[in-house]
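Comments concern the structure below.
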Amino acid sequence: MSSVELLQIWIIAFFTLALFSFLYKDNPVYKLAEHIFAGLSAGYYVGLVWDTVIITQLWDPMLAGDYWLVVPGIMGALMFTRFSPRFSWVSRVSLAFVMGVTSGIFLVSQLHGLVLPQMQSTMQSLGTDNGIGAMFLAIVVVIGVISTLIYFYYSKEHKGVLGVTARIGIWFIMVSFGAHFGYTVMGRVSLLIGRVQFLAEDWLGSFSHIF
Amino acid sequence: MSFWKTIEDIDRRWVYLMVGLAVIIPFIFPTEFPISITPETQMLYDAVEAVPDSSTVMVVFDYYPSTIAECQPMSVAALHHFFRKDCKVITLSNIPLGGPSMAETVTRRIAPLYDKEYGVDFVNLGYKYGYVAVLSGMGTSIESIFPTDNSGTPISKLPLMDSVRNYDQIAFIFEVADNATADYWVSIVNAQYGVPMCCGTTAVGAPKYYSFVQAGQFVGLLGGMKGAAEYEILLSKPANAVLGMGAQSLVHLLIIAMVILGNVGFFASRRNKRKVTP
Amino acid sequence: MRTTVPVAIAFLSGFLMVVSFFFREEATFIGGLSQNLLIWLTIVGGFTLLLGVVSITRVNWNAVKARKEGWIFKVFTLVSIFAMAVPAVLPSSWSPLFGRAEGSIYDWLFTYLDMPMMATMFATLAFYIASAAYRAFRARTAESTILLVTATVVMLWRVPMGEAFLNQFPGDIPTFLNTYIMNGANLAVQRGIIIGAALGAASMSLRIILGIERTYMGKG
Amino acid sequence: MICRLVYSTVRKILDMALLSRPLTLVCLVLIDSQPVLAQTSSDGAFRTDRINALILIAVFCAAVLLYTRWARQGRPLFLRKIPGLEAVEEAVGRATEMGRPVLFIPGISELDEIETIAGISILGRVAKITAQYDTPLTVPVRYPLVLAAAQEMVEQSYVEMGKKDSYDKDIVRYVAGEQFAFTANVNGYMMRERPATNIYMGAFFAESLLLAETGNAAGSIQIAGTARPEQLPFFIAACDYTLMGEELYAASAYLSHEPLMLGGLKGQDFVKMLIVAAIVLGVILVSLNLGGDTFLEWFEAV
């Protein structure tokens, strides 16, 4: 292991332990790590935007003769008027463009790409053609979807039939949330395992090279 | 009563300490348990197997470095799988923070194992702002959205990209995501361009995507580290995800034990209260 | 002027995207136009990423200048921003330390400081989730009991040791869980939520396109 | 000027096309779509195979716009009471009694997220209560645009309650752009200042539990609301009250009585019922073999 590698491992270990230290108590080392973290993450965007947007997407194609790109370039630059109290309204133009295009795609893709297919695959046969198990599953899905939709229906009081359906809905919702919680525990633990793998193997391993 | 009260009001730092120990112990005393394969993983494996050899596919790195432990094993396994099948791989990312560099590092680590060459067998397109625009735009022309690859080489100079114009030339998309970008791959690319795709996602995201699998919008699903471990087993390439399963097991059991203990305490102290105040 | 122009732009660009969805891209003028708008969006939008950087620099700079409490920490934030940003925008032809490629300062700071810190912040969640489960998971009502039981069983099922335990019981519990819980009840609820959320997002988009919703424009 | 003209003309055309005859459009879905759908994949420029999406979009837009118009005209539109809304007011009241601050986080997403907008409108209501009782309020945000919108909202609330003097620009403050840097900072604040009440309303991600657990450790009363299903279990586990999913939007519409929000919600409700009806119809047709497959084709996304 070279001394550079050793240094790198110790730097990672220092910041890892600094952030974990908050679990015990708030402390200055944690605070230091927290502030460096905020700065680095912000700085990362500068390099990324400079390279992937300004150079490759804007500057190079413009030199190659695509002069129309002046328009989005100016619009992008106008975003910064946001910081001047007098001219901040100008940035709305750029923002409106971003919001407009995104909304246009969203309006269509949400209804077309999500609502239609999800409705379609809910319309399953409740018959016994595919066996009792499949029938039971189809019933669970159909009732679950409908009762969930009803639970999130606000135009009527949840009384009578609507009330009963909404009540079934909340039970379904709790089953799903429970499943979600169980699943998520796995995810979070995995990430901790990742850090412990580093600390146990790389960092503790490096001790033998020093001492 | 006081015993249960103490148990219930225990300082949370003791809990943290126990979790820490539960993660460390399996690394010292490793134990192995058989890993069963869930149908969603099997479906994903079969679907990737069914992709024609030597066709062009996309492997998407839509995750932040923070979830590397869960997501990276999936991308690694996917790359093994596609390279083994001699597929041409295009990688890209919709994650500004770290996405493109992870794609670069991982792919360049795996490719030499299969004698794959950059530009001919695989290409890293990198990152562009605005996933909605990127996903829609590539439907017409990939080059218009990504004029260059991640390191600034013009797309026209990469032999692999000669035959690839838009989604029509992509046989399969392997999305690995730790966030909602997977939804947009479904609602835009799958719905409008009909490219078959599957998804590897964190355990947090997985429950939502069962619905997409059943609707046929995803042909398979890997849920969290367990899903990754199953895929590694199917590929006969056990790696990090399989290794992590021991620690995973112990922490799960610890948390379950704590939930049970907490509830016993809750009921016990409630009964005691009833006794005290009739 | 200050409101009308942005509203008109949002309307025109949004409406164009909606219309182009119903026409073949290659065959029509509108298809080509919408493709151009998408390219523009990747450029204009890219700049919004920088707004946050300017904000955080300003906030910290002001705090340091006014010697507010804890200003010394803010100095570290400012130094970190510049250490990351400045070498990244300098051309790599000057020195291999500049630019974004492997071996650059930018890449080094990201790999050895930023990335591990992100992963660590996320990893602390494992501790929090354990203490939340211990403290808050109580069978108080019928609903919370359902939540608790499902969570526990799914937790068992998702790890090899737990699965081995579940297999001790009669009936194929893992298959039952996968079929009727994950692909049954869970799937149904998620689908209901997906549909509801899609309607919500679509309604928001519609209102933005028509200029009814203007909150995003903020003050001024 | 020209922009305005174009805009108002198109708007009028849309209004006429969509608002005047929503019922006709609904009928269209049920009667007319089948023959049109039959002739899919023609090679013309217009995608006839996407006519089903067109119809859905048209019905949806019509419903939302119609209800929005009604709401603006002041027609009484019923919304059921959202349980948990009183909880918000009670929790702020408790902070007043204890003389400790209220912490409000309008999510960590950008202003283009519907949840953020809902969160900010709930913030308006909360700020009115804190203004009335002179309770300190802190609102950390993660985006410059959210900062501007939230500042404006809080200022307006204080002015409306006649407390312009007690409004401080630093009530709403920009913290950090990175998700966990933001969380780390807010967590630090919670442990140091120990607010009596924490309210989380908006889009939350992995930080949900980090915030809620720390808040709990600091002994605060906590109320949360988010539409993210994956984060709801954590809020439910760690907070005293949680608004689930669309309850967040309903709450903001209910509290603000803003016709825009109300109209949107009512329109969505209307379409939701159509969807339920269509699913029931589809299930019946498929189960009884009454041409269900043809019916299913209407929902094919291409």
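We just call them A, B, C and D in the order they show up, numbering each chain from 1.
The rule is short, and it goes like this: a residue touches a chain if its C-beta (ideal position, glycine included) is under 8 Å from a C-beta of that chain, and two chains touch if they have at least 3 such contacts.
This one's a predicted model, so the numbers in the text were calculated from it and none came from an experiment.
J.: Using the touch definition up top, find the fewest steps from chain C to chain D.
T.: Minimal hop count between chain C and chain D: 1.
J.: Counting contact pairs per chain pair, which pair wins?
T.: A-C
J.: What is the distance, in whole Å, between the centres of chain A and chain C, each centre taken as the mean of its C-alpha atoms?
T.: Centres of chain A and chain C (C-alpha means) sit 3 Å apart.
J.: Just give me the whole-number Å value for how far the CA centre of chain B lies from that of chain C.
T.: 15
J.: Using CA atom averages as chain centres, what separation in Å is found between chain B and chain D?
T.: 29
J.: Among all residues of chain D, which ones touch two or more of the remaining chains?
T.: 50, 53, 57, 60, 112, 144-145, 148, 176-178, 180, 184, 206, 229-230, 233-234, 236-237, 245-246, 272, 275, 301
J.: Taking each residue of chain A in turn, which ones touch at least two of the other chains?
T.: Those would be 19, 22-23, 31, 34, 37-38, 41-42, 44-45, 48-49, 51-53, 57, 82, 88, 95, 98-99, 101-102, 105-108, 110-120, 122, 141-142, 145-146, 149, 152, 173, 176-181, 183-186, 188-189, 191-192, 194-195.
J.: Check each residue of chain C and list the ones that touch at least two other chains.
T.: Where chain C meets two or more other chains at a single residue, that happens at 5, 7, 9, 11-12, 15, 18, 21, 38-39, 41-43, 45-46, 48-49, 51-54, 56, 110, 114, 117-119, 121-127, 129, 131, 133, 135, 137, 147-148, 151-152, 155, 158-159, 182-183, 186-187, 189-191, 193-196, 198-199, 201-202, 204, 206, 216, 218-220.
J.: Should the pattern of chain-chain touching be classed as line, ring, star, complete or other?
T.: Contact pattern: complete, every chain touching every other.
J.: Mind pulling up the chain D residues that touch chain C in the complex?
T.: Chain D reaches chain C through residues 3-4, 6-7, 10-11, 14, 45-47, 50, 53-54, 57, 60-61, 64-65, 68, 111-112, 114, 117, 120, 143-145, 147-149, 151-152, 173-174, 176-177, 180, 183-184, 206, 209-210, 212-213, 216, 227, 229, 233-234, 236-238, 245-246, 249, 260, 264, 267-268, 271-272, 275.
J.: Which residues of chain A touch chain C in their complex?
T.: 8, 11-12, 15-16, 19-20, 22-23, 31-54, 57-58, 68-69, 71-73, 75-77, 79-80, 82-83, 88-89, 92-108, 110-112, 114-115, 118-119, 122, 133, 136-137, 140-149, 151-152, 169-186, 188-189, 191-192, 194-195, 198
J.: So in the complex, the part of chain B that touches chain A is made up of which residues?
T.: By the definition above, chain B touches chain A via 13, 16, 19, 23-24, 27, 66-70, 96-98, 100, 126-130, 132-133, 136, 147-148, 152, 183-184, 186-188, 190-192, 202-204, 206-207, 211, 214-217, 223-226, 240, 243-244, 247-248, 251-252, 255.
J.: Could you list, by residue number, the parts of chain A that touch chain D in their complex?
T.: 19, 22, 26, 30-31, 34, 37-38, 41-42, 45, 82, 88, 95, 98-99, 102, 107-108, 111-113, 115-117, 119-120, 122-127, 142, 145-146, 149-150, 152-158, 173, 176-178, 180-181, 184
J.: In their complex, what parts of chain A are in touch with chain B?
T.: 23-24, 41, 44-45, 48-49, 51-53, 55-57, 60-61, 98, 101-102, 105-106, 109-110, 112-114, 116-118, 120-121, 141, 176, 179-180, 183-197, 200
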